[in-house]
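The first chain written gets the first letter, and so on, giving A, B, C and D; residue counts start at 1 in each chain.
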Amino acid sequence: MYNLLKGKKGIIFGALDDKSMAWKVAEHAHAEGAKFTLSNTQVAIRYGTLDELAEKCNAEIIPADATSIEDIENVIKKSMEILGGKVDFILHSIGMSINVRKKRTYDDIDYGFMMKTLDISAISFHKVIKTAYQLDAMNEWGSIVGLSYIAAQRTLFRYNDMADAKAMLESIARSFGYIYGRDKKVRINTISQSPTLTTAGKGVKGIGDLLDFTERMSPLGNATADELAQYCITLFSDLTRKVTMQNLFHDGGFSNMGMSERAMHQYSKGIDD
Amino acid sequence: MYNLLKGKKGIIFGALDDKSMAWKVAEHAHAEGAKFTLSNTQVAIRYGTLDELAEKCNAEIIPADATSIEDIENVIKKSMEILGGKVDFILHSIGMSINVRKKRTYDDIDYGFMMKTLDISAISFHKVIKTAYQLDAMNEWGSIVGLSYIAAQRTLFRYNDMADAKAMLESIARSFGYIYGRDKKVRINTISQSPTLTTAGKGVKGIGDLLDFTERMSPLGNATADELAQYCITLFSDLTRKVTMQNLFHDGGFSNMGMSERAMHQYSKGIDD
Amino acid sequence: MYNLLKGKKGIIFGALDDKSMAWKVAEHAHAEGAKFTLSNTQVAIRYGTLDELAEKCNAEIIPADATSIEDIENVIKKSMEILGGKVDFILHSIGMSINVRKKRTYDDIDYGFMMKTLDISAISFHKVIKTAYQLDAMNEWGSIVGLSYIAAQRTLFRYNDMADAKAMLESIARSFGYIYGRDKKVRINTISQSPTLTTAGKGVKGIGDLLDFTERMSPLGNATADELAQYCITLFSDLTRKVTMQNLFHDGGFSNMGMSERAMHQYSKGIDD
Amino acid sequence: MYNLLKGKKGIIFGALDDKSMAWKVAEHAHAEGAKFTLSNTQVAIRYGTLDELAEKCNAEIIPADATSIEDIENVIKKSMEILGGKVDFILHSIGMSINVRKKRTYDDIDYGFMMKTLDISAISFHKVIKTAYQLDAMNEWGSIVGLSYIAAQRTLFRYNDMADAKAMLESIARSFGYIYGRDKKVRINTISQSPTLTTAGKGVKGIGDLLDFTERMSPLGNATADELAQYCITLFSDLTRKVTMQNLFHDGGFSNMGMSERAMHQYSKGIDD
């Protein structure tokens, strides 16, 4: 409600339903005055409720498989047509591991699935950026954001090959951030968000206990999808023009906690029994 | 110009003249609707042009030696009186090394001076936070920012004991960030800014060549004091409520660069001679 | 010459000729009393001089394409036969980017080549570890080492998709380090080595000037392949049993330098012209 | 038992009794063929059992307050006399917080005590290094090690101002590591060790539960003082000559764990009640 994105145009990848982080980003971007298009796979569009968001935000939906260069080109070209020119921001909120879905543990991974995990969750980020770069589709001082998770730095059991994909995603932000910054003043960052109960996240076994732990560890508690969206707005705005190639923790302080009194207390209860 | 800080109250430590980072932060905070007080030492107030800033921003000046708990208490109490209640943000832009000034190299440091460096440049941050905490002087979801430099992570010749002070400053942000976040939802972060030509910085020998290097290394170039101020505003705003205990690089990408083509080219010119 | 690896058995992947880091590791491992097998691709064996090393170290060569599970299984099973039991250490010194070779820049990468880069340079590490794990081929307190480079953390122009591959390699060390440590007490680490003039490295354009820069930046100068081998021995030895999931910089201090006097001096010469 | 330190001379600061990390380092250094002196404060010498260690290792004790330049000079000069020349390694295992002892919490710290914490736990490291440097008391390729803790990076409740001291200690290793490496090829590193039940550590309230947590989080379990000593030997040896300015985690993998299955299981037991 500050008009922080007034006059700005963007593309938001990855909203499924109103639990999605991309959904919240779209709502906040709309409220801040931005115009944008929405993209997700055909399957996700059918399965989710993206139409509802599109209507609310007066945004068009352009279906795409984010591993397909042709589809991405179509999204970017159409977006420029619809929005009337180059874009100022892109959100990449895309990730999926078939190994996780099929319960293939990391020590018994299927390498075909792993390639798919990397393609969907990390290389698609490169593909989106490269396509925008080659089509010269972004205005100077534009901003690209990908969503990451602390598993890129620290191992969490069951997070599986998504950890490697997130490490690669953050690396792509650095590698392409150098080139796109140098050539077109476009910045590229990732936000490392608290574990968040999206529709995808809900399916993960034991996610409730992990959220309890991170909530008690973080002095400000877990960051919600709504808060993530607000933070994202600052990164799309003109106020953060010299922040690039960074992985930014948005997690209530979790990443820099070794042990909190609250979490230790809860842990000790299990010991005392 | 977004009313991002409308209704917010703050205290800004460390503005000297219109080259100061704190000066720019004050100007932008004023433009964004904040009310605040200004503080610096008596000497700095005489030497600089703080009156001019105070008038421009309609702010009162409260002199203080930031190593003195009494002085800090006075600043915080008076600020609450003047501003009519608890504050929402504090900027700490304070740092000085007598070893640097007196040209005592790091291998021949004076330990009395080093204690002074730590007291002025790092412990003063703790003192300001502790005093605000004990006086319960900050509103929930308030924001405290200290200014740091990459010397906290990587050694730069001649930066001397300021490197150790900055490492400690960032540690204090984490240590107290946990407590203040847990108890009062106040967040504490440091911004690690590009080398900046402030009045203090100008005196550093060879600073010009270092700036040339960091400019060519950073895909977006060095961040200016003006840009730092804009970034700071986002951290004082309500849009970054779950970011705490972080050291945030605001440096055009420098921190994550190993070598750029431009900097390598310049470096090679020296070799080819 | 300390008998640090007396009685230990291992597998060394990736030696080509006497400039190779893996070659030096083999020589030092031999001198320290280890028995091991050597592996590389058929092409590399023909192109290089691995026979010479094998003779010197009394080691058998087992050809393998490190992207092939069947080949890796063969290497590990044969190694156990030849060496008479489980192995204690594995060195993974494998990496290659067709994008770099074909001069496809990072902003115009071929994604088929990128998949190949990842498969050869990162996923092969997972495949080697997984195969050893599933065959239960390592003794307790065994040690696995992969070779990395600072490009995993900081962007260097022209390093291209190898940066992303190295980021993923280090992630795999963490992800599998957790599992293999928990289940079998095997540790997994990566060494981030100074840029080194191997036969592969020599082909990189401008490598000479980069080495000049890193030499002057590092207080102890660049680490050589010989020194890398010595360091590697300590990680294979019983003296580092509780070091795991780490990326260890072996670079004369480069990684924690912001600017040295020597490098700045050289850089300034280019400016002064 | 490898003669890794044969012919090497050193100084070991901070052994109190057979629970001390410095004590274990002394035992292992002795076993590896080193000659060295031992130093601690007069009080510690009376309170502990250093005589026993001295006898075992055939080492002389030189009492010193590590905050006193005169005392440190005396230790280094006497050590050179006793050992017959320059030294090759120094261990700094010194740390203490009066705020912790007096139960002054971090938000109500006594600043005089804090200065004492910094002087004893961090600046003493600088003083030892500076004195050795100025007396030219170390051989080329010598090695200096300080002991640190992950609190330097991540906040642990009750660790108090020791966190800031450890952050500063690690910074000093970098700052002086640059100078001593450049000028005399001496390397300086810190080891970040698992929480360890030394006589000092035992007094910390709740340390048992924290150790249970870190034990379950770390795939290899907590590192013991004995294992720390072995690791330390590798850093004193000639096999790690190009490792400098680093903080090296020796913690069974803890530092790179986000959550292990074992720790989560234990934590969940507390929730389920």
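Of note:
One rule holds in what follows: a contact is a pair of C-beta atoms (placed from the backbone, for glycine too) under 8 Å apart; a residue touches a chain by one contact, two chains touch by 3 or more.
Keep in mind that what you see is a predicted model, and the values were worked out from it rather than measured.
If you take chain A and chain C together, the chains in touch with both are B, D. The greatest centre-to-centre distance from chain D, using averaged C-alpha positions, is reached by A. Rounded to a multiple of 5, the C-alpha superposition of chain C onto chain D involves a rotation of 180 degrees. Each chain gets one centre point, the mean of its Cα atoms, and the points for chain B and chain D are 32 Å apart. Centres computed as Cα averages put chain B at a distance of 41 Å from chain C. Contacts with at least two other chains are made by residues 154-155, 157, 174, 177-180, 245, 256-257, 260-261 of chain D. Residues 2-4, 174, 177-182, 185, 187, 194, 218-221, 223-224, 227, 230-231, 233-234, 237-246, 248-253, 255-257, 260-262 of chain D touch chain C in their complex. Taken together, the chain C residues at the contact with chain A in this complex read 69, 106-109, 111, 114-115, 118-119, 122-123, 126-127, 130, 133-134, 152, 154-155, 157, 160-161, 163-164, 166-168, 170-172, 174-180, 245. Chain B makes touch with chain C in their complex at residues 150-151, 153-159, 206, 209-210, 212-213, 256-261, 263-264, 266-271, 273.
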